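Each structure below appears as structure tokens.
Two complexes, one shared chain (chain A), two partners (chain B, chain C).
The block that comes next holds the complex of A and B.
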């Protein structure tokens, strides 16, 4: 059994008060969390240093304006945080951050992580439509009952990694009936226990309810299989790829927002991807016609090859795609199949090396042959 | 605002349409290829899935049968297609590029910025009724094609990008040749020359420049005046809406920093944007210091600064094409805002982006002693 802290407040309020307590007591100097920025339902990640500002914090709001892994990496890119902070993030955001740390793009030092079992997020376009507030009560109702929500990001609909692996504290959300009345913080690590030590509340032994989560997993898994099957039938061969990626406008927004794509200058934006007029001329002679700018499918396949092993399936790519390409399911599917070969779950364990670093000359002969 | 090219240059011919205008344009291009006037044509073509169009560089004439001179959408700004082929040099092929006026204007801006080389290219524009927002097309391509066809006939802009609805340069000739469809008889269109290259091209195609293009000019002027009025009003309304810092911050608060607007902008050609560079990556202590100053900061901070910075960097060359707005996943009216600012900054220098390759970029003609009225206004 793991230690847990129960507060008799609704869950969001409870977490808000917990981090307020941490700030006031000086355990942390900053709180990194989602915060409301207007009345239309827009939220943004914020770095909060006074408890008053925490009143607008909405740590579990079902939106992901930016994958927080990217943001925590930016925060610690030039060295670990000088003062302790607590970050409240979703499981896939935590996994992305861990993957970035493995690539020396950030540091976990001095950062306490609070995460939760995650019911998923809505596509960002819902903000532009200003309809999210209407959906909220229905969303939380489903989370409470451990049921699936509709109209989430497709990546979330098929997400089976909804429980955080390495959070110091996990907030019990999925299938937790009393979300409105109580707030249960599972203290997974010594760091987490230490942090909660002096908080007023009931300390107990508690774990996430395995049975509830298993049922939820099964629903998500079935949804994932369905999504994967759908994309599988569409994505057959080169023609299938042309069919799907033909409308790509080359904005590379998917790579800009991808937490794993951290390169300052992507290969596909570099001079390596520029061609001399003479190259166009000889290609044109050979083929009769050339799409310009060229390399659309090459870009997506290249990106897959570069980051597929670490894809956490957050769905940010699809959300920013101006032409609605079902990127997240394609990347999740290919990503998972690569990850399975290496028995690797990105972001699960900070000690586990990225498969490309553990390359052995004598392996995968079965694939090569 | 619209400076016509020297009247001696702007001459036209009236050509007849046998089946459709699209066919006539295709035949003209084929003739050009047959006679060796062009080696290749750069023109949009529908993608195999039918849900978009993309620029295709064509050498095999049979592919021209599927080319569309005026597609309902602008999936990639044509100047980007030109730059992809010619950024590293002129090449030896003679290419005819068929694009919309704002795409040609962006191309002209890029020549000034040394990002395209069009010596061997004949830039051909066409009267533009606007383009539809790309998602409107993708969601229902067949319906969109019909809507666009009708809109092209009636010159009704209500289905177009908001910034197209206020475009007063939709017939501006900045390239070598222009295809005029306004003010014509039903079975005819104009081809108008705007440069020596244009004139030579038509000569080689045995098209004498002796047609009367008055009706086109009248219609274009009428159109531009009407749009200019609408443009001024829209910009004025927008200014009231976002004029104060609070409103501006609120407008850009939805921004998620994907920088799609910059990535699709034909004028934002920097390989690595300042706002993606190490200059904007601070040590954690700096973020914490800023947070403590205000109690809380958005993370990432400086979202509005990005947009203002981009504006500073490119507004003098902004052609108001609307690509930025089309690519914004958060539906921020970026193009409308940028077009408003661009009109003002360009107006200050009596400059119109891409109007003429002869006009140098205002930043190149900087004089130490000028624009006192602007500086003094802020004293």
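The block that comes next holds the complex of A and C.
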């Protein structure tokens, strides 16, 4: 059993009070959380240092404006932050952050992580439609009952990694009946326990309810299999790829928002990947025609090869795609197939090396035909 | 896809400088026979072969891509080929996952003394590619 802290407030309110307490006590100097911009469903990640500003913090709002892993890496790029901060993030964002740390793009030092079991987020276009507030009560109802919500990001619909692995504190959301009456913070680490020590509330022994989560997992897993099967029927040969990626306009938005794509100069934006007039000429001589701009399939296959091993399946790529290519499912599917050969779950364990940066002497002997 | 008798595939072979290139050389000086389908490119180490190079070759219409290096444990740089092996596994999954033919890629360990093995690999791989036929990316416009 793990130590836990129970507050008799609704979960969001409880967490808000908790981080306010941390700020006022001086345990942390900053809070990183989602905060409302207006009442119509616009939210943004913010770093907050005064407790008044936390009044409209909405830590578990079902939106992901940017993958927080990227943002946390921004603060900690030079090592640790000068002052301790607490960050409230979703499980896939935490995993993305861990993957970035493995790539020396951030640090966990001086950061307390609060995460939760995650019911998924809506696509960002719902912000423009201003319909999210209407959905919220339904969303939380489903989360309470441990049921799946509809119209989420496809990546979320098929997400089976909804429990955080390395959070200091995990907030029990999925299948937690009393979400509007109580708030349960599970203190996974010493760091987490230390943080909650002086908070007024009931301390008890509690773990996430495995049975509820297993049921939820099964639902998500079935949805994932369905999504994978759908995409599998489309991804048949080069023609299939052209069918899927042909409408790509080459904006590279998917790699811009991808938390794993951290390179300052992407290979595919560099002059190496540029077609020079002479390249066009030689290509045209051979092929008798060329889609312009060229290199679409190369870009997506190349990106799969670059970051597939660490894809956390957050779905940001698909969310920003202006032509609605089912990127998140493709990357999740191919990513998982790569991760499975190395039995690797990206972001699960900070000690575990990225599989492509390490090796065993005796392995995969079958590959050499 | 074309499957005629006269089809001679184009196979790009990335050969490591220390083992496989010397192995290919030995195949030549020993007058071993192997098909002319192989276009060798010498690289300093098999781990120098960026997966993107393989993808690019594939999309530019190479019918097959062979990567050859020193046997595991024999790498001139101690451990390069171990990384190659993992990367190759990864790339095969990418190709397979996208519904493309991962059989068009091959990884082989050929040492400097294995001229005959090089000839055998070249012959076998050419035969395999002949069975698969021409790479349809060759004449594809919408890439």
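Here is the rule we use: the second predicted complex is superposed on the first by the 363 of 369 C-alpha atoms of A that agree within 3 Å, B and C clash if a C-alpha of one lies under 4 Å from a C-alpha of the other, contacts with A are read in each partner's own complex, and residues count from 1 in each chain.
Rule of thumb we're sticking to: a contact is a pair of C-beta atoms (placed from the backbone, for glycine too) under 8 Å apart; a residue touches a chain by one contact, two chains touch by 3 or more.
As the structure is a computational prediction, the values presented were derived from the model and not from experiment.
Peer 1: Contacts for A:92 in the overlay, against chain B (first) and chain C (second): which applies, first, second, both or neither?
Peer 2: In the superposition, A:92 contacts neither chain B nor chain C.
Peer 1: Which of the two partners, first being chain B and second being chain C, lies in contact with A:80: first, second, both, or neither?
Peer 2: First partner only, chain B.
Peer 1: When both complexes are superposed, which of chain B and chain C contacts more residues belonging to chain A?
Peer 2: B
Peer 1: Which of the two partners, first being chain B and second being chain C, lies in contact with A:305: first, second, both, or neither?
Peer 2: Second partner only, chain C.
Peer 1: After lining up the shared chain so the two structures overlap, which partner does A:227 touch, if you call chain B first and chain C second: first, second, both or neither?
Peer 2: neither
Peer 1: According to the stated criteria, A:356 is in contact with first (chain B), second (chain C), both, or neither; which is it?
Peer 2: second
Peer 1: In the superposed arrangement, which partner chain does A:337 touch: chain B (first), chain C (second), both, or neither?
Peer 2: second
Peer 1: Check the residue A:321 against both partner chains and state whether it touches chain B (first), chain C (second), both, or neither.
Peer 2: Touch partner of A:321: chain B, not chain C.
Peer 1: What is the contact status of A:290 with respect to chain B (first) and chain C (second): first, second, both, or neither?
Peer 2: Both partners, chain B and chain C.
Peer 1: Mind working out whether A:208 is in touch with chain B, chain C, both or neither, as first, second, both or neither?
Peer 2: Neither: A:208 stays clear of chain B and chain C.
Peer 1: Taking the two structures together, which residues of chain A meet both chain B and chain C?
Peer 2: 239, 242, 246, 287-291, 294
Peer 1: Enumerate the contact residues on chain A facing chain B in the complex.
Peer 2: Within the complex, chain A touches chain B at residues 29-30, 32, 35, 37-38, 42, 44-50, 52-53, 65-66, 71, 74-83, 85, 124-125, 127-128, 239, 242-244, 246-247, 249-253, 256-257, 264-265, 269-271, 274-278, 280-281, 284-285, 287-294, 319-324.
Peer 1: Could you pull out which chain B residues touch chain A in their complex?
Peer 2: Answer in residue numbers: 40, 42, 45, 47-49, 51-52, 54-60, 62-63, 75-76, 80-81, 84-93, 134-135, 138-139, 250, 253-254, 256-260, 263-264, 271-272, 276-278, 281-285, 287-288, 291-292, 295-300, 326-331.
Peer 1: Inside the complex, what are the residues of chain A that reach chain C?
Peer 2: Residues 232, 235-242, 246, 267, 286-291, 294-298, 301-302, 304-305, 308-309, 330, 333-334, 337-338, 341-342, 355-357, 359-361, 363-364, 367-369 of chain A touch chain C in their complex.
Peer 1: Show which residues of chain C lie in contact with chain A when the two form their complex.
Peer 2: Listed in rising order, the residues are 51-52, 55-56, 59, 61, 72-73, 79, 82-83, 85-100, 106-109, 124, 136-143.
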